[in-house]
Amino acid sequence: MESIKVGIINVTGYIGIDLARLLHQHPGVSLVSVTGRSAAGEKLGKVFPHMAGVDLDITAELGNVDVAFSALPHAASAEAVARTLEQDIKVIDISADFRLNDIPTYEEWYKVTHPAPELLGEAIYGLPEINRSEIAKARLIANPGCYPTSAILALAPALSEGLIDPDIIVDSKSGLSGAGRALTMTTHFAETNESTSAYALGGHRHMPEIRQELQKLSEDQEVSITFVPHLVPMTRGMLSSCYAGLRKEISEEEVRALYRDFYRDEPFVQVLDNPPQTKHTLGSNLCLIYPAIHPHTRRLIVISCIDNLVKGGAGQAVQNMNLMLGLPETMGLEQKAIYP
Amino acid sequence: MESIKVGIINVTGYIGIDLARLLHQHPGVSLVSVTGRSAAGEKLGKVFPHMAGVDLDITAELGNVDVAFSALPHAASAEAVARTLEQDIKVIDISADFRLNDIPTYEEWYKVTHPAPELLGEAIYGLPEINRSEIAKARLIANPGCYPTSAILALAPALSEGLIDPDIIVDSKSGLSGAGRALTMTTHFAETNESTSAYALGGHRHMPEIRQELQKLSEDQEVSITFVPHLVPMTRGMLSSCYAGLRKEISEEEVRALYRDFYRDEPFVQVLDNPPQTKHTLGSNLCLIYPAIHPHTRRLIVISCIDNLVKGGAGQAVQNMNLMLGLPETMGLEQKAIYP
Amino acid sequence: MESIKVGIINVTGYIGIDLARLLHQHPGVSLVSVTGRSAAGEKLGKVFPHMAGVDLDITAELGNVDVAFSALPHAASAEAVARTLEQDIKVIDISADFRLNDIPTYEEWYKVTHPAPELLGEAIYGLPEINRSEIAKARLIANPGCYPTSAILALAPALSEGLIDPDIIVDSKSGLSGAGRALTMTTHFAETNESTSAYALGGHRHMPEIRQELQKLSEDQEVSITFVPHLVPMTRGMLSSCYAGLRKEISEEEVRALYRDFYRDEPFVQVLDNPPQTKHTLGSNLCLIYPAIHPHTRRLIVISCIDNLVKGGAGQAVQNMNLMLGLPETMGLEQKAIYP
Amino acid sequence: MESIKVGIINVTGYIGIDLARLLHQHPGVSLVSVTGRSAAGEKLGKVFPHMAGVDLDITAELGNVDVAFSALPHAASAEAVARTLEQDIKVIDISADFRLNDIPTYEEWYKVTHPAPELLGEAIYGLPEINRSEIAKARLIANPGCYPTSAILALAPALSEGLIDPDIIVDSKSGLSGAGRALTMTTHFAETNESTSAYALGGHRHMPEIRQELQKLSEDQEVSITFVPHLVPMTRGMLSSCYAGLRKEISEEEVRALYRDFYRDEPFVQVLDNPPQTKHTLGSNLCLIYPAIHPHTRRLIVISCIDNLVKGGAGQAVQNMNLMLGLPETMGLEQKAIYP
């Protein structure tokens, strides 16, 4: 049986190269093509020593594949996606280009004209725990952002069950790989090590994405999201602390049972009895969730932890691919976190 | 002129030894006595190599001093404070023993019978930006906790001016020195490095302290505090993100002006135009504050940064001492942060 | 076909739990038994949240297995190894008990009477790149220490080819997981973060192990090792810088070619053209080696990088198991490093 | 009495801004002028929030000062130094331009024609522990590099006393602030955090500087230095491990006594009885030294720790300034390290 061929457009960013790690190890597909602009012509294992021994050339153009992942920046990605779909290649788009359903919202937040608005209608938001069946039938997946993944998984059970007021605060803490591989003062080691900061207080692009997806889970009320992202001095890992008022009398045990029930069959979501640490997700596709009720204010607090590059990026993309190809959803993603 | 003699009870914890650093350098007082149980009989500079060259013995009992700082754990501290006050020595208590005005609240949160309830009445909560004149007249100061310092300074202007609803969320991120010098799995390097976690979701002892002090600033409404502390992988530094609904139509510029006005003459509070980093406070007594209005939900967000061991501990204690002794408030505290 | 059953004695240390990660994912064996004292009776996935979902109880005694890994401390390990071998179970001993061939040397460095000296004769030093064929036939493997693995792999080609004087300096830098899971002041986050230190300058237990194994590769001269280990503020990773005088006229290119040739068929050793980083080995069984000649002193310098818990511990143990069982040597170890 | 006016040319690098911190707090001089290209026209406290409240403009040209510090890159610095000396301003040059006595050596390593060779003759190498009296009389100081400071202080006693063979290995570990404030992949947080690496194995510019200065202390033999610098994931701090063969029968206690004697009156050098950590020097001008004899090879090992930006840069420059101006050598430098 011939193996399914997959490729990565723009392998040289952090999600791109983490996709290469996961796809290289995936038993159901063959990673046969990786592209990159500046590194074109070089061996993957030369540019990335942890891939030493992997025989793949970085090329300027994508080779012959069945499924492509685009890890290009927004706008550039939509253009590449459109060209790729025309060749009957299924696409999982890591960029934000097909996440927002509403073009004016996209153009307000991303400050560009959308390069392929005609494709928006068929793009499926690739959060398998919410949209599994649509993903399985799609030819274009909008892979969620890292902050939205952590926030939506934390809040979906509570919102779906009508448990909370939809005026929600999401306070997220991210490791610095989330800021990408491009050099900036914010990601300069001496500026950011031993330091915590808040940013994007005037509005972050992941806020409308969180709001849109949570709105779909809240039939009767308009969702409002106050979202503040923070940078903490670690490479990988994301913890979101979500706050919302409870609409019902309910005990912490009942909330936890409700969450467990909601995620009962999910291979990549674990509802815990103790607050989680991001460390326990490092390198894995796991999302750890801990719901609690603040004893004095009776507010619901939900803590979620993911590896921002795996469940918040490359791992989720592979999970989507598995669904699209009819492979077991966990294939190639069984790897446990690297602890300690 | 003879110099004022000061001493530290229990110098071997992180706030205790940071007090030694600050008092040793202080031009207006002489650090003449430091106590410690396990290290009694040793040279300070032997136990703490960064103090090499400082000629001070760690003793079991406090020597002859004018002012004492108690850095003992709670309950043990109150006992030592009572004994010390009897000798006509002014005391700045770093522990929590005299922070809560209400004995049942203290006993609920600290699970001990208060050893010196008769002293509670005269103890002054040592946040100079709020209680400067009372501090100057006090003989017993309850030095604030680190989380309360960061939260109260962030919220005092908004609450005092009646700007916000008093249902407030405080999401704090602390470096690990805040967890002290005692060995625990939580502070074991391999368990906590490259990891962020939330803790004390069932209630943290600093919550009633924050609520009590903010309530004093809010005449007409009952203050409610949802407080969640987090640990981030850095040694020093604390950032609190505070969220509250606005009660008035006001622009971000007006809020910032109001904050600047409130802290106009404060030597250790700076209101910034950009979100701050904890790094810019390392080793200094500075509190950096950034108020903002979330563009979509119109919620007030205030970010504050301190060094948890300085403005959140030893530095604030020295600031209180300066006030009690009639010395210039900034004496011995002019040191800028170590950057980068 | 029934799968091979394996077990871990003392799973709760860092190498023990990393073995659990690797063996759980191993396609050729089944991890059926894990022991632990304090945690006996608990679920593995409860004690270690990154293993959430793995259905294994921690027990007091080892179950029925074909191969056992002992991750007990020295002396305790030899006792357990002896008992286990009696049950016809092959053993890979992670402790130092069977690494030193000479009992007086063992007892000098480990300060205990050897509990099972009769087994020393058959124990094979489990460095596959050097002892592959003996490992395949052994029933007892002494799994090498982390520092020795990094030093021996760095120096074996040069010593075997008679390239260098055998008066060698090994300056090693280790992440803090190497210091184990037991709580100590050295591994307390606030004491060790943002700090580098040297230790064991009076002699480290891995020195005689390095010397013994390198001596076997140096026929005509007595090997002398000056070994200084250092702690650097990272969780995982080990870099050894090895210095030795050259005995021959040889160019850097020729040295590199000699190294490449020596390791030509090794799946887990890569000789690089540029100095490596420990980061590129995180979580993987890879050893990266970079030999160079100092331009002014003509001294050979060899840099090697490993993950101290994988190639320096659990991964190497699995590699040894594969050889002992006749499985492909790389089985279960193909996982690439987590980068960044 | 009018205060001495000092200025900093190019304040925006890490040593430049650390000079500003130290000079601002210095009781014997007034920092009146700081220059910077890109930031010219801005307030110092705006560009560097930890200096908030300091009323200084960054200007394009140096104002009227008595002493200037040049923190420009090499070559550019020599040009500025020449212009500044012409105005009868004493200069402390932080760059490497006047450190090497031999012009061909300078031009070989720095790949530029020396812009001011006529000044080399009068420049004094500013290591006060070695050249105190010459520094006091100089009008141009070549402030030492960070690696040379740590290596020379570690080796000066042994070499001066003829204790060791002059074939020396220096294995240094540096925090990343030593790599400067310019953005590079090497200093990108996600690339360098949780990672240790060796670099410049083909030769580092500080090697000839170390060799030159150690040669001056070794009358009868030619000094040879094998120097390998490493980067470890911390912001500040440098530890050098120096290795050399002993020429004499001597005990470790005698070596330590010899070192203590050599540095008996030095305010900024402490010879310790236990291996030091870089952490105990953070933000201070202290150099901690620990000499030992390896028990099996009888090789001398000397460990030294400094803060690379203070004793390895800005603090040493201030120490030199104090000597040049006849001020107490420790003035403005009494600040203890920030611990933990």
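Letters are used for the chains, namely A, B, C and D, taken in the order the chains are written, and counting of residues starts over at 1 for each.
We take it that a residue touches a chain if its C-beta (ideal position, glycine included) is under 8 Å from a C-beta of that chain, and two chains touch if they have at least 3 such contacts.
Keep in mind the model is a prediction, meaning the values are calculated, not measured.
Interface comparison, A-C versus B-C: the pair with the greater number of contacting C-beta pairs is A-C. The chain with its Cα centroid farthest from the Cα centroid of subunit A is D.
Computed from the mean C-alpha positions, the centre of subunit A lies at a distance of 36 Å from the centre of subunit C. If you average the CA atoms of subunit A and of subunit B, the two centres end up 38 Å from each other. Inter-chain spacing, taken between the CA centroids of subunit B and subunit C, is 46 Å. Residues of subunit B in contact with two or more other chains: 14, 175, 177, 181, 190, 192-194, 233-236, 276-277, 279, 282, 340. For subunit A in complex with subunit C, the touching residues are 14, 17-18, 21, 24-25, 48-54, 177, 181, 193-194, 235-236, 267, 270, 272, 274, 276-277, 279-284, 286, 288, 334-340. Chain contact summary for the complex, subunit B toward subunit C: residues 14, 175-177, 179, 181, 183-185, 187-190, 192-194, 233-235. Residue ranges of subunit A in contact with subunit B, taken from their complex: 167, 169, 171, 173, 175, 190-199, 201-203, 207, 224-226, 228, 230, 232-237, 239, 241, 243, 275-279, 282, 290, 292, 294-297, 299, 301, 303, 305, 340.
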